[in-house]
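What follows is chain A paired twice: with chain B in the first complex and chain C in the second.
Then we have the complex of A and B:
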């Protein structure tokens, strides 16, 4: 393609990317480097239905002057990134010095918001992503071997978990696993323990969240793999059968290698999505047991006093986290591409 | 000319005092606020005004949208319905205007106690009061031969008796969901133990102390008698447990208690046994372990004067004294409006006010403390760390946030 043609071809996409991806990221990065002005506090008398009281309040006029002078606020550099709500450098250093064993150090680390969020997020990513790929593949193979007439109906129903809004889907599951819900009650009955509660134990809550993650995303993997199966060369499969390959061997040596580029694609998307796990934590009311970086951003913005700088810093760290997570897959794809040309 | 017409109309309406009064406005009004029954009434009555469009957006997520919706110029929302906790966020960012002039022009009929003045300027008009107080099953307490508990210690004893007699497994209810709810329960109990959230005259935290530890220990003792899922139960879920007959004693919001057993499908014994009393004290203190709240409305700063006036008139119509003649509206809340005759549902909130309950602190940095408490207490409740460590975490989380916001 000529450079000129390429330029005009790419321009609309490029502009959209600049406007909707690059600019917001720049704005978030800037926001994360600045913090609000020092509050100018005054004591005033405040009165209401319950009487009068001397109370601290913000001096609006003095604050307005400060804001006019420096609209962005105070420059904090990387200060927010290093504070207790994020990387907590000084707290980690203290914990390292005061801990006698690694287990104790880990205990201290788990008490800091960022590391607690990372522990759940990474566990979620590395459990859910492979399971989604395996489940997607199994469903795709099963549906592919169905009779033509049944296929349409089965595909429709298998897609439902992915079609449902994630928040609604997680709420449905949340009510089912409640100790008075159908799944929670059945589990109590099966285990013979009337106090068994999925929501009261951190371990069981993590498992519930992961089950939700697999349930929600498997249809996505299924659809991609199912499309890939339609392009499977019949002759290769037939020659494998002539060579006496079992059904498992056919899958292992013919089908999976054929679908490998799609597996990479699904893995990429799932790594990104799962790293940003959010809806089930809100839907399951699970913040006592599991938190993620996205939940931390939501929490910073949802309080009575919004912490924009803190939320922005967590957002930037999420972007960096996704980049680190994707780098092995991206490097591999790039090598394959280089190898081909 | 139009101004005069509006003034005439509202003055006339006030004088005639008819139920369906003419409320004339000449600019747009847009209201954002919470969604409980009393606020729905205020919104609907404000919308009865004619001459300009009155929009309402009443949602439980109002706190997340009212500030961004008022920061623009012109602001999307011309009025936010807020409480003594949430007015602080709007004042911190200077998005609501003093309304002394509007009160003088159109505020006839307002009781002086309705005016929220800060530094001598009227910033909001309160229309209802709220507090958390005891809600219980009179039939169950009678069965075990116990008076309604006046202290949390009595509550624990009653709970033990109910369980021991096999009436209920988990007789205590509580909105202990991680986040805002559990932090509020901490605030109640902490104030009941005589605690103060901040060192006097500063934004330095003051919860990692004896009162804090006692507070957490009492909360933990209560959770032994709660549904094991308590960390996921907000006030709606707690009410559902009460309605289902699984809970006999709980600390509940006055604004929700009034309509608690009117829902469909509530068993008859729950409806008959339902009773309300004042808030409990704790640890031998005389101040109830609860907080007093008011709900009120504000007028946005970044709007034209005509819009501000229309907003004031519409909101006055939404909270006019004539509404107090309506029995249904009267039971929805403890109204601060002239002419309100308390109903039976109001005894809890009145008892709270008379017993010297402390109002929820209206400090610029209280919101950050509330968030820190909500995030850091659940580890202790699950037995993963000591009370001292949990309170230290609360202070550390608060300090990091307060430094970011420029309070420390």
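Then we have the complex of A and C:
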């Protein structure tokens, strides 16, 4: 295809991505370097019969004018990145100096909002992703051995947790694990503790969120692996059998290597998607126990006071996080590409 | 399972069937339970006294005279005006699917037919864009949209959703287009078609399955979005999902959780129907990305 034709074909989608993805990234980076104007204070001397007093008040008009003239706010450099709500450099340094053990230092870190969100996000990513892959593989193997007629039905119901809206899906589960819901009630009965509530404990809340994550994403892994199983070379399996491989060995040395490219693919997609975990925290009403980076951005943006700059700084750091997670894949793709040309 | 040697021993067969059974219950039961419960009163759905109340609807009978009640739906649809949100959702989804397919097929086709190096870089850029959580972009939209008075209305949200969906749409359509032989458009061009005519009259007619599959995923992305719609839509223009989130804030305090339950069931029903009719396309769409990618 000629450059010219390519250009016209690609223009609409390219323009959409440029205007609404690339430029907003630039805008977010710029926004993160500015902080909102402080209110303009005005000092008036008011003199009464008992002498003069100086009164300081906010000059609403001047503040509004200033904010309208420079909506970005005033330049702060990297100030926002280092403040208490984000990287909290001075607090971390203090904690490092005052802590005697690593555990104590970690305890201090857990109290800082950014590190807290980071801890949950990373824990979620690295617990849920492997579990999703294992779960998806087991379901695929089990469904593959079913009778043909049943397969369609099983796939139909399996897709539901995946296509469901994450907020709606987490709400459905949340109402069930409520201490008055059926799962919460059963858990109380199983544990023999009528006061057991998943909502009250941070550990249990984390586990619930991760269970939700696995429940939501397993169908995706299952469908991919199931499709991969359909292309499994029969002769390889048979020769493995003739060589006396047990069923487990067949899975381990024939099926899994065959599915390996798909495992990489699922892992990649899951890393990206789990890193943005956010809806379940809203649905489970879990912000007291677990906060993710996306939740922190959402929280800054919402409400009466839209803290754009703070949200922007967290956004930039989230994007950097995604880039770091993705870098091995990018490097590999680049090598493949260079090898080809 | 063709050969006799491949046949599973009975114990393994039972274990595997049992596992599928457990998984089916995990996948489907929450939805059935919530659907059933949405026709009950709150005291039955969240039963303190006895969990079987949720099945029999003892309290519901006492309040409404029958074991089933549409009170939750009435509350959500009529009193809270959820119908408005449903209509908004379908307006947004319709236009998002239409526009992302239009510009996505053009772009995906170009990417699959050009052999130059920049196509690789464009695809990689799209992959990076796909990896970024949409919420990270929202802080960048806010200020310009406020300045130009674009915030809060449906068209803005539609355009933003189309743009956010493009990377994914491009990747998917690109892999579908690659599976269509290049000779097809070359022979059309030999017959005197321009590139666009070849695309429009030769390629698109054989691409319908791929376009429908991609359209389904565009629909799902638009329908399921929460981060962007909740931030960019004013209260009067909300779609379903942000409205459900807004219910959560008010209903827990006002004691009409059943409104939210009914709203959740209403939002799930279209997806249920979608999966029922398009199961094959969804599966093929999921695997298309994996096999090529």
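Simple rule for what comes next: the second predicted complex is superposed on the first by the 280 of 341 C-alpha atoms of A that agree within 3 Å, B and C clash if a C-alpha of one lies under 4 Å from a C-alpha of the other, contacts with A are read in each partner's own complex, and residues count from 1 in each chain.
Keep in mind that, in the parts below, a contact is a pair of C-beta atoms (placed from the backbone, for glycine too) under 8 Å apart; a residue touches a chain by one contact, two chains touch by 3 or more.
Everything numeric in this text was worked out from a predicted model, so none of it was measured.
By the document's definition of touching, of the two partners only chain C reaches A:152; chain B does not. Contact with both chain B and chain C is seen for A:178 once the two complexes are overlaid on the shared chain. Of the two partner chains placed by the overlay, chain B and chain C both lie in contact with A:285. Within the superposed three-chain model, A:315 lies in touch with chain C and out of touch with chain B [touch as defined at top]. Residue contacts after overlaying the shared chain place A:200 against chain B, while chain C stays out of touching range. A simple residue count on chain A separates chain B from chain C, and the partner touching more is C. Once chain A of one complex is fitted onto chain A of the other, the partner contacts of A:164 are limited to chain C, with no touch recorded for chain B.
Touch criterion met: A:234 reaches chain C, while chain B stays clear of it. Judged by the touch definition given at the top, the superposed model places A:333 against chain C, while chain B stays out of reach. Contacts of A:302 after superposition: both chain B and chain C are touched. Shared contact residues on chain A (touching chain B in one structure, chain C in the other): 178, 285, 301-302, 306.
Against chain C, in their complex, chain A makes its touches with residues 1, 3, 5-6, 9-10, 12-14, 16-17, 19-28, 31, 71-72, 138-139, 141-143, 145-146, 152, 154-161, 163-168, 171-173, 175-176, 178, 180-182, 185, 215, 219-220, 223-224, 227-228, 234, 237-238, 241, 247, 262, 265-266, 272, 275-276, 278-279, 282, 285, 293-294, 297-298, 300-302, 306, 308, 311-312, 315-316, 318-319, 322-323, 325-326, 330, 333, 337, 341.
Residues 1-3, 5-6, 8, 12-13, 16-17, 19-20, 23-24, 26-28, 30-31, 33-34, 37, 45-48, 51, 54, 102-104, 106-107, 109-111, 113-117, 120, 122, 124-126, 128-144, 146-147, 159-160, 162-164, 166-167, 170, 195-196, 199, 220, 223-224, 226-227, 230-231, 241, 244-245, 248, 257, 260-261, 264, 267-268, 271-272, 274-276, 279, 282-283, 286-287, 289-291, 293 of chain C are the ones touching chain A in the complex.
Put simply, chain A touches chain B in their complex at residues 35-39, 41-50, 53, 55-58, 60, 63-64, 74, 76, 80, 83-85, 91, 111, 113, 178-179, 194-195, 197, 199-200, 202, 284-289, 299, 301-307, 309-310.
Chain contact summary for the complex, chain B toward chain A: residues 63-64, 67, 84-86, 88-89, 91-92, 94, 113-120, 126, 129, 169, 177-179, 201, 203, 227-232, 234, 292, 294, 336, 353, 359, 362-368, 370-371, 375, 378-379, 381-382, 385, 389, 393, 396-397, 399-401, 403-407.
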